[in-house]
Amino acid sequence: MLAAVTSLTALGAILGCGLGVAARKFAVEGDPLADEIEAMMPGSNCGQCGMAGCSAVAKAIAEGSATVTICPPGGKALATALAAKLGISVDLGDVVDSGPQIAQVKEEICIGCCRCMKACPTDAVVGAAKQIHNVIREACTGCGSCVERCPTEAITLRPVPVTLQHWVWPKPEIEAEA
Amino acid sequence: MIPVLPASAPATAPHTVTGSSVTRIMLILLATLVPATVYGFWLYGWPSIFLWIVTVLSALLGEAACLKMAGRRAMPSLLDGSALVTGWLLALSLPPWAPWWIGCIGGLFATILAKQVFGGLGYNLFNPAMVARVFLLISFPVQMTIWIAPMPITAPAALNFHDGLLVFIRGIPDLDAVTSASLLGFAKTELSRGIDLFHSLAASTAPVTTFSGNRTGSLGETAALLIAAGGLVLMAFRIISWHIPVAMLAGIAIPALIFNSIDPARYLDVSAHLLSGAAMLGAFYIATDYVTSPNTKYGQLVFGFGCGFLTYVIRTWGGYPEGVAFAVLLMNAVTPVIDRYLKPRILGRDWRGAPLDPAIEKAKS
Amino acid sequence: MGLIEKFLHNLKAPHWGVHPDDHKRPAADAPIRVLPLPARLYVPLQQHVGQAARPIVLVGQKVLKGQLIGEPQGRISAPVHAPTSGTITAIGDITAPHASGLPFDAITITSDGLDQAIEVDVPADPFALSPTEITNLIAAAGIVGLGGATFPASVKMALGKRSEITTLIVNGGECEPYLSCDDRVMRDHAADVVDGVRLMMYGMGAKEALVGIEDNKPEAIAAMRKAASHFPKVKIRPVPARYPMGSDRQLIQTLTGKEVPSDCRAADVGVIVNNVNTAYCVHRALRFGEPLIRRIVTINGGAVWQPGNLMVPIGTLAADLFEFVGLKSEPARLVMGGPMMGTVISHANIPVVKGTSGFLALSEEEIPHSEAGPCIRCGNCTSVCPIGLLPLEMAARVRAGDLDGASTMGLSDCISCGCCSYICPSHIPLVQYFSHAKGDLWAQERSKLKMEAAKKLAVDRAARLEREAKEKAEAAARRKAERDAAKAAEAAAKAAAAATESTATTTETVS
Amino acid sequence: MSKLDELRDRLFYQPLSLGLIALATSAALSFANQSTQEGIADAEKRDLQTSLSEVLPAGHGDNDLLKDTVTVADNDGKEVTIYRSRKAGTVNGVVFKTAARGYAGDIVVLIGLDEKGTMLGARVIKHQETPGLGDKIEVAKSKWIHDFEGKSLDNLPAEKWAVKKDGGVFDQFAGATITPRAVVKAVKQGLDFYAGHREEILSAPTQGEAK
Amino acid sequence: MNIREIMKNGLWDQNIVFAQVLGMCPTMAVTTSGTNGLGMGLATTAVLVGSNMIISSIRNFVSPQVRIPVYIVLIATLVTIVDMVLNAWMHDLYRVLGLFIALIVVNCAVLGRAESFASKSGIVASAFDGLFMGLGFTLALTAIGLIRELIGMGTLFSQASLLLGPKFAFLEMTVIPNYGGVLMMILPPAGFLVLGLMLAVKRFYELRAAAKETAKTTASPTPLAEGAIGCH
């Protein structure tokens, strides 16, 4: 009887020792997830989410304090990708996704004030003072930072126009599956 | 004249028709089952006809009920004929004089729990008819192992319509007078008593392997040759390929040949194995079920051989005299694995999927 | 065919592909008719793979037949020529021959009815030219692959020259049902085709040419054999009629036994494939100086009165063609190209382009109607796939939104031949799944590139702002320093002045 | 609390705590074991007695069966423990286990005989036969097992110790022949064993309580 | 967390079998009859209450590194002691339950509650959590057992008097006399079958409830709309 009690106690002590050492040895430091998420973010630091830049958002998402739907320029596509990355299921029904968008300057209203130019995080607006500005399509991320700055509401966001080169076959809908 | 068509979602290529459809496949399949079924009816008389009707109707009923519950239109799915095929194949694998509720439960189980629960046609992992048969066999071992000696419907001693109906509804009155054993069951029982095959098969009461199929078994067992003929017709119509049937029969025949030549007193010969039980029905109609078998030719060969080999193993060393249903279900379970690992080679890539070396291809001429 | 012969034939036939009803005759047996010149022609600027041509004419300008109206831009591009003489009346949108029905740019020429050609120099003997000159002439003639791929022929030849082509494969497969423009050019212009083949061989330095013709075109085989009889390097090779034999990878494998590695071009294994009609155009360009301004187009389908092949100027509207051949009934579907891979067009105001092999007006009985049902995993799609893919598995992944999964199963190897959709007993639009997935993956790739570019721009901007701020600060510091220095100098000067005064006195005193 | 938190992160704390828990639990276990040992032994003895008495008619003997055992090797050399029942000091019955291979594994039958070798009772105490089919050999499911009572090698010739299908006197069950066949075989073996070792069994000195 | 919520979680929302799908080993093994399910459920409940209370009381002294072995040792000890005590002093009950008691050790639901609830909550709350989780488990096992017993053997609560005492003999009933039985139902595969179907039923019920809920919230402006229609 005594042997059983002693051996069990000793076993407990040894295992406890092992666990204690293991917990120290394999302690995880840092958060590689945040870095991976940051790589997925648009990276334009447009600030529409209300946080200080994309890396701050990535950290918040990794910690779980921000939802995956936080990034407006990323839209539904980014939210889906983030949800897949984190292994969570997200109801994307509420995410308003008008597809990729770009800014457009209404030439007749633009007064050439240059405010939008200064706000653009990717230098996508070109122009000079008192000249009509223009948006470089390839550089615009559709973040909308410029829209708020325009004093004459000359800048609007519109969906990226579908061209022959951009058109994608729709996914077939099978009635029997519904 | 400038024809202008309404602008809607673009129709996709191809813009030409084959005439092939699920319904057509199922109808041809059923047509090839007719001779064997009618021959079985002739051998086992009215009770077997009633059983067939009840089984098929139950299968259809189960399918329709599930479709209705799922809120789908029942008709198009019912018309594809897959539930009919399931019910029919199940009926062919039952003891011909089994009571009505066996067919009823089996049919419902096959379409509801073995098929629709998984999501309906195309989604079931296991062959519905065989799932139902195994369920019946395990649940009602007594009823599922009572076999009747064949008695052609034209024979004077055969039951008339009314008596057949009574047997079907109330059960068989004088069990010992009509029961018999299937060859595999008989051989197994006798072996377990320590009587070797030479003695047991030579005994006068022993069932014999005849090519006419006039012997004890299910509808699909007695008419093994007609079933095989139907299967050949299916191959001619290219509804099934040769891979699974040939591999499955080989899977049974090769071990049978080996063990029979080692010890004929303990192991049945090849013809007994191939023509008994559900070997033919299994090889041509059960294992070839599209949904539950692999998609590629290599996979089908492995699958078929596995079915055959497991059948032989279960028949010879297992607890049950017949093992086709179990073998097919076991192989169904590994079908996704087979499909995962046995893929066709992609043109321009090696077996592992890496692109070929252009220099080697260039040197070819 | 006897039973045994049929069996042997089946044994030899490739194990992939399908055998649809070919519907080629009687259209294939009618001689080529020439379409009367339409009043207006709409010549698109993008009729080829690569960058669109740039218009070099102005509205109102008069042009002659064969005159250059659009010049190539960039490395992979092709010029566009006026198909007839007349006036440029517009440069703008017209519906593209594309499933989306979206518009693209075209030059509208109102014909003056004279069909007056521009003067050209024709080389007396093209074989006396250097191969590079041949390639340049082909490029200038705007010749692109007429099989449908519309890859600029000269670029392909230049590519071939770089990778030591041994074999030119001439594609007379024409496996698409209904179409017979290749069949017809071989029957009616066999000698010209062979001449074009020889010119291309010379231009790219190939040692031999294999002309693959499906064995359901015995007349074409006979005509081509006769035309090639004096040229041992041009070999006529009948191939089994089986769709998609006309796909280059399949034809290369059947004729040479070579497999084109999936990440390579045919040229990488020493082979180049060109269509018979391309060869014919090469002949016309080098012998007569005629750029690619017309082509043979098959008009066929159950709704057509007089199906057949027409010689048609590029830019002709499909509507004009249908008017010429006449329609029996309201067509249920209009298709550009063959029924297996062609695109449906929503109306007939669509121009003939260089890659248009035919227009089909299909009647109600000819087109599929069945709704798609659930996949029964019959595996027919797998057994017919000429590439060895698993269409059902790929489609299941695409449907579930797992595009990466589909990619790892070889989505990028899919040639969209349509065999799987054709054979599917459940009528699942498999090809559409794959087209959708390919487009979506491509769009994802593009947005990823754009995101990376945007990120770089943002970083650059941050760096610039920082730099500017620094420069500003530096400038301010400098100004301050300058000011301080000036102040100091001033003070110093003052002090100095004061000192000077005093020193002056001192100096004076010292001195 | 914060002091405890600090303590918990020390390296010595983990082995100490786990060791203490192990000590406490093992102590509790040994205490429980000690206090229940007697009760468990009693209960198990009662169990054995109950099953032994099932194959002997009530009041057949007046001794404690568990205390009068003898171990005899059977023909295969396997030891069989035999419980003897006595009336007024004379052995008037024996109880022992016998087994035969059934449809799925061994069927163990406990049989009770009088000193002459006539069956007093039989109970299947262990089997893995198919429920609903082969389990009719259990007394709870069917009366079939009572068929053996009163039969002996003397009043039933050897060839009749078989199921009816094989020409014997015992019923088989519909759909299951192998199971009753095995039970009959087991009982017959037991009778043969007793007949072969009768003297030994009856005269051997008692070996005391079975372990 | 109030008791009401704990009760709701244990019995329905986070039911060990129907929501967490834990403890499948005992679930499949013992639910061949309603009585067996009930017995196993009650035994597990007792262990759950005990283990939750003990673990809750020592929760502050156990460091996170060694907590799992500590819980396992405690649970195993508790189960073993219960086993011994029943065997010695309640032998009749032991003969019915004996087989199941050892199975409780491997029931991950017990460890699960220790980890997810007892180690973070007070003793009283933990005791109630153990009680209601156990009762939810009992409920599920009994329900599965009853269905399997009814279809498999045509009876309900057979041998209940052995478990609960002769007073409960009234529970035992033969629903279908002369029933041949569906053998499959009392074999392990049917355990999965019945569990799967019951999970489906629970899900169906919940989905319908959720649909009703959303219908209610979206339907609130309808009276207005109806009124508008009435104006026409």
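Read from first to last, the chains carry the letters A, B, C, D and E; within each, the first residue is number 1.
Here, a contact is a pair of C-beta atoms (placed from the backbone, for glycine too) under 8 Å apart; a residue touches a chain by one contact, two chains touch by 3 or more.
All values derive from a computational prediction rather than experimental measurement.
Enquirer: Quick check on this structure: which chain has its C-alpha centroid closest to the centroid of all protein C-alpha atoms?
Expert: B
Enquirer: Which pair, B-D or A-C, has more C-beta contacts?
Expert: A-C
Enquirer: Quick check for the class: compute each chain's Cα centroid; which one is farthest from the centroid of chain D?
Expert: Max centre-to-centre separation from chain D belongs to C.
Enquirer: Suppose each chain is reduced to the average of its Cα coordinates; what separation in Å results between chain A and chain B?
Expert: 54
Enquirer: Averaged over CA atoms, how far is the centre of chain C from the centre of chain E? Could you give it in whole Å?
Expert: Computed from C-alpha means, the inter-chain centre distance equals 66 Å.
Enquirer: Counting only Cα atoms for the centres, state how far chain C is from chain D in Å.
Expert: It comes to 87 Å between the two C-alpha centres.
Enquirer: If you average the CA atoms of chain A and of chain E, how far apart do the two points sit, in angstrom?
Expert: Taking the mean C-alpha position of each chain, the two centres sit 43 Å apart.
Enquirer: Name the residues of chain B that each touch 2 or more other chains.
Expert: Expected reply: 10, 12, 76, 141-142.
Enquirer: Which chain C residues sit where two or more other chains touch them?
Expert: 99-100, 371, 373-374, 429, 432, 435 - these are the residues of chain C that touch more than one other chain.
Enquirer: Where in chain E do residues touch two or more of the other chains?
Expert: Each of 63-66, 69, 73, 180-181, 183, 187 in chain E touches at least two other chains.
Enquirer: In the complex formed with chain D, which residues of chain A make contact?
Expert: 1, 4-5, 8-17, 19-21, 23-24
Enquirer: Applying the document's contact rule, which stretches of chain B touch chain E when the two form their complex?
Expert: 113, 117, 135, 138-143
Enquirer: What part of chain D is in contact with chain E in the complex they form?
Expert: 1, 4, 8-9, 13-14, 17-18, 21-22, 25-26, 28-29, 32-33, 35-40, 42-43, 46-47, 130-133
Enquirer: Tell me, which parts of chain A touch chain C in their complex?
Expert: Listed in rising order, the residues of chain A that touch chain C are 42-45, 77, 100, 120-124, 138-139, 141, 162-164, 166-172, 174-177.
Enquirer: Mind pulling up the chain C residues that touch chain B in the complex?
Expert: Within the complex, chain C contacts chain B at residues 20-21, 23, 99-101, 166, 177, 249, 253, 256-264, 268-270, 319, 322-323, 327, 330-331, 333-335, 339-344, 346-349, 360-362, 366-368, 370-371, 373-380, 382-383, 385-390, 392-393, 410, 413, 416, 418, 421-427, 429, 431-432, 435.
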